[in-house]
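Think of it as A, B, C and D in the order they're written, each chain with its own count starting at 1.
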Amino acid sequence: MFQIRIHGRGGQGVVTAAEILSVAAFAEGRHAQAFPSFGSERTGAPVVSYCRLDDREIRTREPVMVPDAILIQDVTLIHQVDVFSGLSATGFVLINTSRPAADLGLEDFLAHFAGALATCPATELALEHLGRPLPNAALLGGFAALTGEVSLSAIDAAIRERFSGAVGEKNSAAAHAAFDVVRGGVSARPD
Amino acid sequence: MTRRPIRFYQVGSFAVGNRLLEDEERTVQSDAKRTNSIDSGHRACQGCGEALGARYALDAAMRATNGQLAVVNATGCLEVFSTPYPETSWRIAWLHSLFGNAPAVATGVAAAMRVKGRDVRVIGQAGDGGTVDIGFGALSGMFERNDDVLFICYDNEGYMNTGVQRSAATPPAARTATTEVVGPHPGNVFGQGKDLPRIAMAHDVSYVATATVADLHDLEAKVDKAMSLHGARYLHILVPCPLGWGSASSDTIHLARLAAESGLFPVFEAEHGVVTSVTPIRRRVRVEEYLRRQKRYAHLFATEPATDVIARLQAMADANVARYHLVNDETANSDLEA
Amino acid sequence: MDTPFAITLPVGTSRANHTGSWRVERPVYVDRLPPCNNACPAGENIQGWLYAAESGDYESAWRTLIEDNPLPAIMGRVCFHPCETTCNRVRVDEAVGINAVERFLGDTAIAHGWSLPGPGADTGTHVLVVGSGPAGLSATYHLRRLGHRVTLVDGAAQLGGMMRYGIPAYRLPRAVLDAEIARIIDLGVEVKLNHRVDDVEAERVEGHFDAVFLAVGAQIGRRVSVPAGDSSRIIDAVNFLHAVADDDPPLLGRRVVVYGGGDTAFDAARTAKRLGATDAVIVYRRNREKMPASAEEFEQALGEGVTMRWLSTVSSFEGDRLMVEKMALNADGFPEPTGEFEELDADALLLALGQDTDLSLLEGHPEVTIDHGVVQVAPSMMTGLAGVFAGGDATPADRTATVAVGHGKRAARGIDDYLNGRKTILPPKHDLAAFENLNTWYYADAPRTRRPELEKVRRQGTFDEVIQGLTEENALFEARRCMSCGNCFECDNCFGVCPDNAVVKLENNRYEFNYDFCKGCAICVAECPCGAIQMVPEKI
Amino acid sequence: MLAQIEGSKAIAEAVARCRPEVVCAYPISPQTHIIEAIGVKVKSGELAPCEFINVESEFAAMSVSIGASAAGARAYTATASQGLLFMLEAVYSAAGLGLPIVMTLANRAIGAPINIWNDHSDAMAARDTGWILLFAESNQDAVDLHVQAFKLAETLSVPVMVCMDGFILTHAVEGVDLPDQENVDAFLPPYVPRQVLDPDQPVSIGAMVGPEAFEEVKYLAHLRQLDALALIPRIATEFSESFNRDAGGLVRGYRMEDAETVVIAMGSVLGTLKDAIDLRREAREKIGALGITTFRPFPEAAVADALRSATRLVVLEKAVNPGGRGVLASDVALSVPRSPLSSVIAGLGGRPITRASLEAMLARAASGDLPAVTFLDLDEAAVAAERARLADVT
C-alpha cells in the first residue's frame, strides 16, 4: 500500500488533489482511497487530505499515520504544522515552492531523511497556465514524476475528468509542466 | 371582494341558503348533497366552532376541487375528536402525522400528487397552537417556498385540546389554565400577539384571508378564491370554543359574529401582501358586548369592573377598525355613541 | 385498499357513534304564531301568503289569503292593518307593507280573473244572511264553501254595505268592490236587495232558514243636540257619504266643518273637499294622540288641505256662524270645557260622532242580550237566540271592515257547527313568535317600499284612487321583507350551522333532526332567523 | 459500473437509480454532499418526475417525506446527528404510519459539546423508533444497502435508515460498483403503496388509537420487525443474484471459522478491524469479527448463532450508554447471555480508530486482560485532571 498525505490550506484544492490522485490510480486498475481530514476549518486554515493506493482492497479507515509521500501545497506550512509526521524515512516529499529546498530551513528534517524531496513552483505554474493560484493539479503532475506511483497520463485523464473543458485543459498543462520540472530536478533520492 | 353579491332576498346574503335562491347563490352548506367532510358522530363538544369551521371550509374546498382534495391535519382537538379508533368522522382523504408538521406534510403530499400527475389539491389545517406556535416554522417554510398548499388555521385562541392553555393566539386578558385569574394582572398578558394573517402577508403569498364561522358566504367565497389560486395560501378562521371561552354552546356563531362586529377580529383578504378587501362591520358593537358573554373574561366584569383593561381591549378593536377600514360609513350602524 | 390496523380507518365510520346520547335538551321544530297573523282581525295567515308571494307564485299566495278572507283587493285598501303595527320588522327597520302586498294580490286576482274555490258539497241547509257588508259577504263566502245554501238580503239597492256607502271611492274604487262581491255571488247565492228585515224570527220561519247571520252594521249616525238655526245645514256624515255613493251628493257650500275624530270624519272632510269645499275643518274634542282615526287617513287628509281644530266642541250653529268651545284634557285625559269660545264660518256641519245599529229586527226576543247598543254573542257568534248569529258592527268589537270579515268567517264556522250539532271549539293558538325568538342578524337590510301617492293636486277634485298599488317588482320585494316570524321559511340555517350534521334536509326543503347525533348545543335555535326551533328538555 | 467516486455521490447515484419521486432534505454535515448531488439530478430533470424540496429543518424534511410517502410517492431524505434528533418526532411518526421512507443517516456525534465528526450516537437515538436500521461498512456496502432498503421498506411498509459513517465514508473517494439502472429496475419494482391518501378512495390515515388497541398496534409493529429479520436475508440473496456481489443481510462474519475471540462491530471500523485481525491471525491468535449489518431489528438469533463457539466477545462501537456500556454491547449480551463480553467504546466524536490501537486492544482481549468497559485511546491525563477537579468540589 502506498499512502499519501497532502497538506495545504483551505481553498487550495487539497481534498480535490487527493480525489484526483485516487481517480488516476483507479484508472490504472489499482484500488485507491481518498478522504479529507474532516474539520471545521475555513478558507485559509491548514488542512490535510489523504490518499491510499494499493493493488488489493483497501479496508482501513484510519487517517494516514505513516505516509509514503507527502505533498505540501503551501510551503508556509512546513514550520507551522508537523507536516513530516510519521513519514517513512525512505518516503517522498514534494513541496510547492519556487525556492530551492536548501532555502527552506529543513536542515533538521533532512538530516534524518533518506527519501526523495522535490520542490516544484506549482503556484507559479498554475498562474501561468490557469491564471489562478491553484497548485493542486500541477503538484499531482509533480507527484507522478517524483513517485512513479501513477502515470502522468492517468493524472492527466483524472484532471480532465474532474475539470471539464478549458479548465481541465489548463490544469492538465500545469500538471505536465510540473511533471517536467520535478523529473528534471529531484533534489535528493536514494539510489 | 370575491363574494358574489346576492340580490336582496330576505336572508340571502347572510343565511346558509334559501329555498328561492339559485344554486350558485347558496352556500355549499345548504346543499343536501354537500360532502360533510367531517361527519356526524365526532366527539367534539356541544357547539364546537372548530368542527363547524372545518366542515364549512372543507366542504367548500371539496366543491371547488370537484372532490379532488387531500387534507393534512395537525394534532389538536380537531384531530382527536374526529379520529378516535375505530371511528373516523372524515369522509375525505385525510392524513394526520404530528402537531407541528402539518404544513410540511402537506407540502409532501402536494409534491407527491404533482409527481404522480394527479390534479389533487392539498389543504393543511391546524388549530391556532399548531399554526402560530409549534407549527409556525413549518408553516413559514411552506409559505416561503410557495408550496401549492392552502393552510387553514382554525383559531380558537388557545390549547383547548389539552385543557385550555395559552397559545400565542390567546388574546390579552383572557383567562386560560396557564394565565389564571390571579395576581395583579389576571388573565393573559398584553403582548403583541402573533398576528398570523399579517405574518403570512409578509411572506407575500398569493392569498391570505380571515373569516369566521358567523359569515358562511364570506368564508366559502374565500375558500373558493383560495382554491382558484396556486402556491401557498392562508386562511385564518375564527372558531369559538364553548369550553375554552366559557360560553354557551348555542353562542358559538353569535360570538364569532360579535368578534368581527366589535373589530377585535378583522375580516379581510389580501393578495400578495396587500389587503384587497375587508368585510365591513355591519352593526358595530363595543367589545364589552363580546367579552361579557365569555367566562374567560368574567374577571373584567367583577364587582369592580376592570375598565382600564376593557378600554385597552376596545383600543385594540379600534386599532383594527382603523387599520383595515372596517367601518364603512354607509353600513355602519354603530351604537358606540350610545 | 389494504389499510393497516387501527392507524388507518375507513371514512365516515363515526356514524356508529351516536352522540345524541350526550343531549339533555332537544331541539324541535315549531310553528309559532306570527304577530301579524295574531293581530289580523280577519284571521289571515299573513306569513303564509307572504311566503307564497315571496316566490312570485301570486296565485298560491292569493289562494292562501282567501282561505280566510275573500276580499283582499278591498282589504288591501281599507284595512287599517294592525298586522303592520305589530310586525316584528318594526324593530329592525320598518314594518313589512303587508297591506300593500295584499292589495297587489287582490288586484292581480281581479286582473287575472281568478275565481274563488267552488262551493262545498250541498249540505241541504239554508242560511239567511242579513246585510251585505264585509261581515255578511265573508259569512256568505265561508258558508258556501261549507256547502250551505245562502240567501243574502240587504236593505240597500246595491251590495257592499258600508264598504260602498261609507268608504269613499277614492279609497275604494267601485270596480274593485264590485269585482270582489261578484266573485262571491258567483258561488251561487240568492240575493235580495232593497229588502229590509224587520223581524228576524218571522223572516227565518217564512224562508225556512236553518240559521240566520245578522250583519246589519251600524248605519245610523249618532246625533248630538247642537243648538242650531233653521237655516243651518247639519248633516250626518254617514248619510252624506251614502248619498255621495248613490251619486246624489247634497250641496254643502264652500266652508264645511266636520265634527268628530274617527275615520268617517276624515272620509267626510276629504269627500267634501272633492265636492268643491274650499275649507274642510275637522273639529275634534281631544288631541292627536287620542284621536281614533288612522294615521294614514289623517296624513292624507292634511295633505289634501283638510285642517284640524283640536280640543274643541261644537256648541252652536247659527246661520253660517259655528261656535266652538275650547276644551282642555284633565288629569285622566278626558276633555273638559274651558268656557272659551271661538267662531267659525261654516256653510255646513257634518256630524261624524259615531254610528249606532238598528237592532229593531231582534225586538221581542228577551233571550237576545243587547248591551250598549250592540248584540252580545258567544264565541261562535251566536246570539242568545238559537240559530241566530250576529257579527260586524252590530256586535261588540272594533268597527272595521277587517273585523267584520273575521266575524263572517267565525260565524260561518259557528253556523256550521250549529247545523251539525257540534259545539264550537276555537282552535288553540300557537305561542306567539316574539321578537326575542328571532335572530334578525340574518335579515338583509331593506327599507319598506313606499306606495306611490297620487300627486296632491290630482286628488283635490276627483275621486280617483289616492293610493296606488305596488308594481310586481315592489310587491315581490316587499313580500321578501317578511321575516317569517315563527315559521320555517327554508333558509337552511339549521342545516348549515349544526356542528354535528344532525339536521337532515328533506326532499321538500324542510328539515328534521337526527336525534342519533344531535348533542343539543342549540346553535340551530340561536341561529334560526325566524324562531321556528325550540329546545325542550329530554325526559330523564 | 465501477467508479472512483465520493461516498456521498455514490449514494446519490444509487438513490437516483431507485427512482425516488420526492426528495427532501435540510443540510447538515456530513450529509450535505448526498443531497447536493441528488439536488442537481432532480433540478436537471434527470430524475423526472421527481420533486426536490429544500426545507427549513430536518423536522420538515421528514414531515415532507411523510406526506409524500403517504400520498404514494417513493420518498427519500438524508440527515445526520442533531438533524435526526430534531426530526425524531417525525421519525417515529413515519414508522407508526407504516410509511416506507428511506433515509440515509450520515452518522455523526450528538452534542453537547457540539461535534461534527463521526460516531454512532445519532443512530442509537433512533434505535427504538420502529425503523429498520442498516449499517454500511464501506461505500460499496452503503450503495447496495440503499437499493435493498427501498425494496425492504416497500415490501414491509416500514421505513429504513441506512447508516454510513459521516466523513469516513460519506467523504471518502473510493471505487464503487454502481448498480446499473436496468438491474435496479428489475430488482426494485415501482412503489405500490399499501395505503395511500387518495381522494378517489378516501381513508383517514393517522387515527388516534387509545388503550384498547395501541398495544396491538405496537405488537403488530413488533411482528413486522420479526418479519423483517426473515426478509432481509432473502432480499440480500436476491440482491446477490441480481448484482453478483454480496451485500446486506443481518450479520457478516470475518475469519470466524475457529475464532475464540470475536469482535462485534458496525460500520466502517470493520475495515480497519479486519486489517488488525489479519495481523493478529498472523500472530496465531484465533480471532474473528462479526459485522452487524442489521442493527434494528436486532438479529438476536443470527448473532447468537454466529457467536456460538466464541469464548471471548469484544463489542467495539462508537456509542455509549453513559454509566453502562456500549449500546450494541447490551444487545449482543442479551443475545449470548452466557459469554464473557467486553464493551469497547471507540471513535467517539471522530477520534480516529487506528489499527495500532485495535491491535493493542485485541492483544489485551486475547490475554483476557480487557475490562468490561473500555474507552479506547483515552487521554488519561486529561481525565485524571478533571476527575481531580471534581473530587475537590465534591
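The criterion applied here is as follows: a residue touches a chain if its C-beta (ideal position, glycine included) is under 8 Å from a C-beta of that chain, and two chains touch if they have at least 3 such contacts.
It should be emphasised that the depicted structure is a prediction, and the values quoted were computed from it without experimental measurement.
Path length between subunit A and subunit C in the touching-chain graph (shortest route): 2. By count of C-beta pairs in contact, B-D exceeds the other of the chain pairs B-D and A-D.
Among the other chains, C has the CA centre that is most remote from the centre of subunit D. Taking the mean of all protein Cα atoms as the centre, the chain whose own Cα mean lies nearest is B. Each chain gets one centre point, the mean of its Cα atoms, and the points for subunit B and subunit D are 44 Å apart.
Subunit A and subunit D, compared by their mean Cα positions, are separated by 34 Å. Centroid to centroid, with C-alpha atoms defining each point, subunit C and subunit D lie 91 Å apart. Between the Cα centres of subunit B and subunit C there is a gap of 49 Å. For subunit D, residues that reach two or more other chains under the stated contact definition are 97, 201-207, 209, 213.
For subunit C, residues touching at least two other chains, in rising order: 6, 9-11. A complete list of chain pairs in contact reads A-D, B-C, B-D, C-D.
Subunit C contributes residues 6, 9-19, 22, 54-55, 441-444, 446, 477, 480-484, 489-493, 495-497, 499-502, 505, 509, 514, 516-517, 519-523, 525-527, 529 to its touches with subunit B in the complex.
Per the touch definition, subunit D reaches subunit C in the complex via residues 96-98, 157, 194-196, 201-207, 209, 213-214, 216-217, 220. Interface residues of subunit D facing subunit A in the complex, by the touch rule stated above, are 4, 6, 30, 116-118, 138, 165-169, 171-175, 268-272, 274-275, 350, 352-356. Put simply, subunit D touches subunit B in their complex at residues 21-22, 24, 49-51, 53-57, 59-73, 75, 89-90, 93, 97, 197-199, 201-210, 212-213.
By the touch criterion stated above, subunit B contacts subunit C in their complex at residues 8-20, 26-27, 29-30, 32, 36, 39-44, 46-49, 51-52, 55, 82-83, 85-92, 94, 216, 242, 248-254, 257, 283.
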